[in-house]
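Lettered A, B and C in written order, each chain numbered from 1.
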Amino acid sequence: MELPGALPLGELAAAFATLPVFPLFDLAYYIVSVLYLKYEPGAVEMSRRSPFASWLCAMLHCFGSYILADLLLGESPLHYFSNHSSVVLATAVWYLIFFCPMNLFYKCVSFLPMKLVFVAMKEVVRVRKIAAGVHHAHHHGWFVMMATGWVKGSGVALMSNFEQLLRGVWRPETNEILHMSFPTKASLYGTLLFTLQQTHWLPIAEANLIFFFTMFMIVCKVFMTATHSHASPFAPIEDFICPVFFGSVASGHASHHHDHHGASHDVSHPPPPPAKSKEELNEGTRKRKAKKAE
Amino acid sequence: MELPGALPLGELAAAFATLPVFPLFDLAYYIVSVLYLKYEPGAVEMSRRSPFASWLCAMLHCFGSYILADLLLGESPLHYFSNHSSVVLATAVWYLIFFCPMNLFYKCVSFLPMKLVFVAMKEVVRVRKIAAGVHHAHHHGWFVMMATGWVKGSGVALMSNFEQLLRGVWRPETNEILHMSFPTKASLYGTLLFTLQQTHWLPIAEANLIFFFTMFMIVCKVFMTATHSHASPFAPIEDFICPVFFGSVASGHASHHHDHHGASHDVSHPPPPPAKSKEELNEGTRKRKAKKAE
Amino acid sequence: MELPGALPLGELAAAFATLPVFPLFDLAYYIVSVLYLKYEPGAVEMSRRSPFASWLCAMLHCFGSYILADLLLGESPLHYFSNHSSVVLATAVWYLIFFCPMNLFYKCVSFLPMKLVFVAMKEVVRVRKIAAGVHHAHHHGWFVMMATGWVKGSGVALMSNFEQLLRGVWRPETNEILHMSFPTKASLYGTLLFTLQQTHWLPIAEANLIFFFTMFMIVCKVFMTATHSHASPFAPIEDFICPVFFGSVASGHASHHHDHHGASHDVSHPPPPPAKSKEELNEGTRKRKAKKAE
């Protein structure tokens, strides 16, 4: 949508959309990703005992989006690893965060003002990846476009069960699709918007959409990181729409809106046990008996 | 095998083999698949709490065969999702079965006579998929042909562990290869027959094989669904052949012939614990000590 | 590196590198692989109850390297199964080891002097696979070359969690990357050497590298098999280098140098629980609280 008075905004958005992400924004992406890996219980221990496994986990955190997108499109999951500079940069970030003498690098990057800057820069990369993913899968149709954009935005979160398995951790009771964290859910909505834009159902230029959605993501993530807030900006809309389309949402729903990185530590807020209505219990028992006999 | 007196049968089989499966037979396939998803413990709860995860499970149930076949052949696992009509139809079936007001649609399709019709139509699709899978992989050789046909016929059952993982359920002690349900085993035998036919070792026209094997599958599945029977039609032959080639089959073997969909509910019939002979126990201990030292 | 006086050695290495691995060396590879499958607890039981699952496990053990390499390069994981002779040979080995009357074949091949010959021949195949894998991925860049060579050398070990899952066993607390067995670690170092050689950073002819690395692997594996030894030949170097680059290695490190096939039986030597320093405990708690709030 190009209004004559919005030309400066259009030019700003266009310039923003073509800003090169390598090396600075990618560097911020790697820093935030490896920081979150370091927060995981046992990650530091693992880096001492099994540095190779630790490095591999860091690579999954940094390049998970590319790996998943390539898997979905039937290409080599290692395709992105041909970009030696990116891999070397991510390796350097991993090494400095885990092994820098006196933990100096870690202390610098986790200093809150610095961290907020990196978090904001990471969102720039995330939105670019969603747009690129949707664009790359353009000729495959709607569903493939949306899936590709989604995994590009969510990254390692969508393979969290298996990334944890690599670290010797196994939590099958939850996964990022069953209980979506904010970045994963935002990526899902974002990929829908970018798909609508690509198929000309949303009358907005791609650069403008990238700009506005990035601003939205930056504001949300910086706010959530700075205030240690749980609240999802989508909750009001979802709590209005979901009961209409999908029946009553259980009261425990709101407590699940927390960042993926908190999910693995959420020992004090486990997903509430499924509360079955009497009708569902009877129905389930009857059907199970029927199925068992089939 | 074309006998002059069997021309009408040959024509019937040829017409049957070219019957378009979309939309009616595919619709029946989706209905039965999503019905079985609904029977799973916690599935209704999941549809309320995490509708997206529920939809994704339904897509795995409806299109698992295509996803697995594409994975095995090194193609994009989302390739079939370019067929928008099929995905929209399956989505509509999922929505109606889980969210139709007063559960109306579910009650209609699970009314036994209706359900038997859908079950029969699903088998038409299954056999067509096996034939198409074997045909598609023709130039890759015997083993790839058989594998492709098998996964096309078995569908989501072969990835049941991971489909359950998506629902937050993890049962590693069993899987569809270790304890085959009737559809999976029938697909295995079917893919063998179709491979033999494709490589001209079985002197029968493809259309006739499709016809006869479909009739066999329809009769078996309709009978098993209507009578809630466990008995596998393969048991007599297997109980004769297997001891010859593979040694004595443990007495618990017969109890494993139940439909995949019952497997996950089979809490009262867990696979019997491995009964080791004294010789195997000694041998195992001796070898484990040797291996530990290597 | 070709010195005039080393021409005989160069010719020997060249002849060695072009020695056809099929059928004799491949046969030895299959025998050792299926032997190790038979050692697994419950494997014999599984072969009687679910012969198809047992056969599939055997195929994973024999062809796991090809499957993994093809997955990493985005090709069909069943690509190697077009080689009918290899699959039939491996199937015959599986059948004879599990079902030969009076266990005759098993007793022959596990007779220690015979077994040592087979183990040596298996190492010839392993090193060839590493070299071939690095060569095949040459145009993809360093990291893809190393990854491909590594999975070709390690084989089924790298997918051990999922191979065990097929047998109904699930041990998520360990995996081959977290606690590397000798063959996996040797394959990792080997792939590094072959990658350096391919990219001309290591001034040695490929044939000579194949020869010397194979001799090294044969000596190590034959010694470890014959003496039931745990000791890894890499331990002295690693215990010197790792503390320099990766901080202090926990004292439990040395006990993890055992062959993969012993790993699954290593019930008396579980990985020591992570010993966190007080600083790490405090840091971890503080960060988890911060992350939970994000």
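Just so we're on the same page, a contact is a pair of C-beta atoms (placed from the backbone, for glycine too) under 8 Å apart; a residue touches a chain by one contact, two chains touch by 3 or more.
Since the model is a prediction, treat every value here as computed from it, not as a measurement.
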| item | value |
| --- | --- |
| Residue-number overlap at the chain B/chain C interface, same or different (half cut) | different |
| Fitted rotation between chain A and its twin chain B in degrees, CA, nearest 5 | 120 |
| Inter-chain centre distance, chain B versus chain C - centres from mean C-alpha coordinates, in Å | 34 |
| Shared-contact residues (touching 2 or more other chains) in chain C | 74, 170 |
| Residue ranges of chain C touching chain B (in the complex, touch as defined) | 36, 38-39, 41-42, 44-53, 56, 70, 74-79, 81-82, 84, 87, 99, 165-170, 224-225, 227-230, 258-259, 261-262, 265-266 |
| Chain B to chain C touching residues, read off their complex | 71-74, 140-144, 147, 161, 170, 172-175, 177-180, 188, 242, 245-250, 252-253, 271, 274-276, 280, 284, 287-294 |
